């Protein structure tokens, strides 16, 4: 079943989703590309402006709602999912999007992420991962690499990074994906998949912050190297990558290894992706493949169906009303009463 | 390398770790057993009272520090790991324990759990999972089952539970284990393993709340059924369980399945546990085995070595001092200065 | 406080004394069922037509070790044939289930008061746990009281012996045995309780039988054992005609919220995280799905308030409820609701602080936090309920203000109001004020921050074509709501937000004075000290003292005539369960000197504490 | 504010005018390097011996679209030959890098002031973005100013053409070209800046060369192009002898914390979560590992304050720093520190609120939150720094109080102090007061809550044998610190905690009055309005007005003579960047009427705003 997307009679164009506000990101910021693709996806899926809501926290990425001519909440740092949860629980008919950053969503907001995911609200979470705090001018984030020197870590980062996809799978997300700001088509396709998924869709987007962490994902975006450094996940297909598509991922027990096709290795020996696996163990295993040891998977890691919080809540309400609609008079008069004459 | 446990010349007895305060848990509460075993472990490992600190949040379980004749902090709800992190970062010589509940540690405190784990402080986290809010008298918790009727869910819980071990593995914990309040020896052994692990040890303890959620873990504790419902993890050994130890777990691709030994199946066909696997994929997969489909694994899921936050921080400080100890006078006089005559 | 009137002959051999007001307290282990026993006694007293007021008191631990001082749980009931407003200053009767309970409660029993103890529980080990050197039942230390040592355990066991229950289960009936005894002592009918037992345990007939047997056995024991020389009769109170029920503050708050939504023809969304003593509001509302109420148990208080705000943006009647530590966590998001100008009701059921403090005890020390506890200039209306039933009224009022002025509103209650029960004259739904809520739909000339005559902006909600807009925490343009960093605009918005809240004062009833409209002394109260003060001032006035009483239910903004009212009295006395927070606010607003009567013991004021202070202040004028 | 003195002949063909005080402001796109340019100008002015004061001003966005109004970043420098205390009311010169910068800043330029613009940037598209209908350089609208339109882009490109830099990199030097021009205009030496360039870009010789070339080219352009009829000279200020450096408030706070730890012979632990404008304290301290400073960037503000408290329990000099929204989040844990009575310094670098508000602008609207913003009776000392250098002193003072009284202490600064720079007479370490910290080690008669003469409990730390104890948020026994629910104990502890904080007043220097010790008007300030008020009052007094000034650095508790000082004046005027928060507190404490001068525009007071108000108040007496 696809997600709750209220549909316009005539599809709006991507442009019709642009608000009248000037976009204030730094020139060259990866956020621009994501903004463009989200508008395109809304157009593609035939979303309506009035039933779409963008909710965000605080950060460069979190300015997103201002640029969309939909309803929007630019809330407080780390709490976007709190607002989105209440909104969606109250009104399941809305098409709710959450835009967050690696700091907003994984540092201060990590807990709300876990809980939104486990409740499986039908909302779309776009986490712009630039591995840095942009808006506060360059401190390290929970996704920054060990050893990285930033304003707050002049001697290098000493905490192991979180991997957003692993975290989301730790909370058993029903939809998990990764994409990259500059891979425009992949970005649009992935976001559209997320939009159409019924349940919480969690999408990590590698996003370049050209001011404070320029080139963080160069390995995955550089024309020369990207084919070797990323592997696209396709449901039911083996994991093949490389410029010539001659390399593949094979499982050795539970450990992935890189093999070259041809040298006694056929496609059938490779790991086949199954985004619908009931248990998220494969998705978790894939989330452990990191550059430079492995090509990093992009695409949909997991997409399974599960009831959503708002639907079951609504069902409980409907059932209760069917059992007997509450009458205020009756309620006030409940329990032992007595009359004083 | 084993954990920082300051050692007494002569080992203290378990009793010597008891404070003079009356224990105020409900009669029959599973917390008593855990308290007893923790004291025993402290005695076993030769811990000293003065270098040991118990930190907790709020909840029935969080009263724990009051009952220990060590240093202790009974802090605020969900934040025990914040206090413990600062304490350990400041003074790496202390032997720091955190006691938390399924609400304290996974609901309000979930984010601090992720971050303490990723930083890999050398602390021991004991999460008393009774799948209910005890202290506030019986609301559902993040580990309560779907459909459960509690004070706050008269029509049944509608959010999917979190699985503590999966969450901890999502954050790539270096030590993850599960044990049960009434399996006294297993409890003590597991806690001792945790104590000796250098890095963040995360231990989920199934704990019976006989007032608000009595029997939640009966399947795992009942003499009749427990052998079929739990499987003990032993490093390097196959997963065998059942009263007669005739059943085993075999991997079919990435899916565990129950097999009976003998019917063409030998021990070698079974899944062998490897707590030291570099990537936590196996540990994650094991964390997905739930009652009633599977016997639930108890014991150590994962135990790998990784530098701790407090050590690397201390190293950075030491290195900086070696490069030239800071002198207050010099610092005040840094940068451009000028003299007014 | 017991006022003896005249002696009558009761229907049985004992004599019956008629009393105006009686206070009894049941005390025992957390596991002894004291809360239940007390509630049953309350119910029955309500049904026989007494006015009443209760004070449950339980430890922060669920069930501390049996017999320990820390594990004592109590329930106090004050019932009367006249109007009463407090749970009573001291006890006519104390029913103590064990030595620890006796030890911790005896001080509150009137000299000469009735002391019923379960003598079976006075074992050496229990005496030790309670710290008794010798057995008080035997050492003469209780000679000042009318002591009735009853082997409740043994008698109860005999009474229910043939019901087939296990010894343990049978033992659990002993509170009903004791309740039976007390029913006999105060001439109360058994029927309401037997009815309750039948309903409650409908699925376990053996339990019904045992509990009913125990209750009756206790009653008949009172009658036949003839150990009580007298019984006591408290006639029905002369209270206004109407249909009544018993209600606690938390129940009233929950019903008020349901009613407000109904009166606004909208749906309620309640987001909360459990915390004592506010959790019961969540429990109550979770049962109201058939009124289209949705409840959301969030992962913490921050998520709860954010969810509520999110739902408010979506058009819900949004509420979040908690107690002190939870309010601390909600501060940041409350500021966001202020700048976004969305309606929201935040309930703080105050408890003993600071920090975790005394979580199961009452206090009213969060007033200044409510008014000032946010960063920046962040004005918000603050209301406070005065009695358990008043929680109903003020919950509706909070919503009226929140929706009319597009603002979050803080409603303060406290642990004593929350758990204490009082009779409530059930209002007719038609008599309740409608709440008018408008959601604009016309895109022409729509501006998210265009203000109406109340300085309120329009509440346009998602789903409305053409009204798409963005709200957020950055300062916003005074008309469009777009982000705006201009200095003058910021200053204008700061002043407008303040003016909007200040203007609510125009919309409030004037403050009324009980008693003379001017004079020597005005006792000014807010929150739950209302009850004790009402009686104290009444009693002082009966004795001819020049003292009046005014009660504030609006703390921010205050009613327009407050300064003027204060100016009519020579002295202002403010009793508060804190160190003088209203006092400090009154001084700052009106430059009026105040006398603060502070009590911070986790317990409500007693009438006589306030009377004594009134007398002292008047004697010094 | 420019005060002309006499005209001299300069060494080159232009004439040099000697001025007492000059204010210049550099404005351009966020990417144009305005903050850097301004800092360099400040440094150089400090080195030539001027007194000075600065006001950086940047947008909340990192780099809004080039040329847009929202993306304008500015840096104002006030330098003088006399003592100054503010960044200056209006500008002697404005250096504008593009039309948007001109548009948003022109209003602050003196009539007849010097206006240097980069004419290359006045393209049609930039004019459009700034909303200019016609080119102001050409349409005569700037006739009131001394306009110098210089094609900075082109001239700079030519100057650095042979350094081998890419066009883009070369273009980045243009701020140095402009700086060179301004150096020439105000007769400043180039050497400090060339030295800085050489150090900063030591690894990129081409960049060093280009920037130095640009700087010199600008300077020589001023000299040779002869477009400026005059140059200006501001002689060194007569300031107390000593060694000086320039310091911002955040730098001073960080150094003060390092110094406090040193003075206590202990180690500093700073736990924080980044937030504007407090982050720089974290950045500064993270560089101080060689002073045994440990910093911890926590996952959020709650974890940060908890980590700091944890470290304090462990014996650290513990600090957590943040701004308004972060303080909101720390409230609950601050309450825990209060009840556990552990030393802790909490720094709030105030910014524009409510909510996210104006995150890069200044305000002082968190005072009442600081005093009252916690649930329960939760008293805590509150201090506030008055100038950038004072942040150093008050950071030490905060720690002195925290450790002596075993209490968390809130230290307030604000965005203006935090980022503004002033010359600082470097103190000698020996002259700084030692902080005495004792950790008990003797188990005999040790009780965790036994109090000394300051009502402080002992700071026993883990690792000490025999002193094992447990702290927590539940109410504690007055001696042992064990959990205690007794009503009398709770009341006693509530009073003791309050008394301990109140008693700190005995330990504070008395409030001093600048000017007559009694009279018509006292201007009472706290925080950063100190500077503008000092000058305003001085100037009014020079004109013979009866006005004095007193400044509060202790907000809670207040110095013992505050009430007495206030009583010596007919009127009290309180200028604050909020709606009158100190005013409200003063009224409540001393029942004294106050006149509030409120400015809430995200910018500091100007001298003339305070002067005007003083005149008005005095004229109405």
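Read from first to last, the chains carry the letters A, B, C and D; within each, the first residue is number 1.
In this section, a contact is a pair of C-beta atoms (placed from the backbone, for glycine too) under 8 Å apart; a residue touches a chain by one contact, two chains touch by 3 or more.
What you are looking at is a predicted structure, and each value in this text was computed from that prediction instead of being measured.
Compared with chain A, the chain whose C-alpha mean position is the greatest distance off is C. C-beta contact counts were set side by side for A-D and B-D; B-D has more.
A separation of 39 Å divides the Cα centre of chain A from that of chain D.
In whole angstrom, the spacing between the mean C-alpha positions of chain A and chain C is 45. A straight line joining the Cα centres of chain A and chain B is 29 Å long. Within chain D, contacts with two or more other chains are made by residues 60, 70, 289, 299-300, 325, 332, 336, 340, 355-356, 472-474. Among the residues of chain B, those in touch with two or more other chains are 58, 76, 107-108, 110-111, 114-115, 142, 155, 313, 316, 319-320. In the complex of the two chains, the chain C residues touching chain A come out as 43, 46-47, 49, 192, 236, 239-246, 255, 258-259, 262, 267, 269, 271, 288-294, 296, 298-300, 302-311, 313-316, 318, 332-333, 336, 340, 426-429, 462-474, 482-483. Considering their complex, residues 19, 21, 48-55, 58, 65-66, 68-76, 79, 81-91, 93-94, 111-112, 114-115, 313, 316-317, 319-321, 323-326, 328-329, 331-341 of chain B touch chain D. Listed in rising order, the residues of chain C touching chain B in the complex are 31, 60-66, 68, 70-71, 273-276, 279, 282-283, 286-287, 289, 295, 297, 299-301, 325, 355-356. If you check the complex, the residues on chain B that touch chain C are 22-27, 58, 60, 63, 76-78, 107-108, 110, 133-137, 139-140, 142, 151-155, 211-212.
Chain D makes touch with chain C in their complex at residues 59-60, 70, 324-325, 327-329, 331-332, 335-336, 338-340, 350, 352-359, 361, 363, 365-366, 368-369, 371-378, 472-475, 485, 487-488, 490-491, 494-495, 497-498, 578-579, 584-585, 587-589, 591-593, 599-603.
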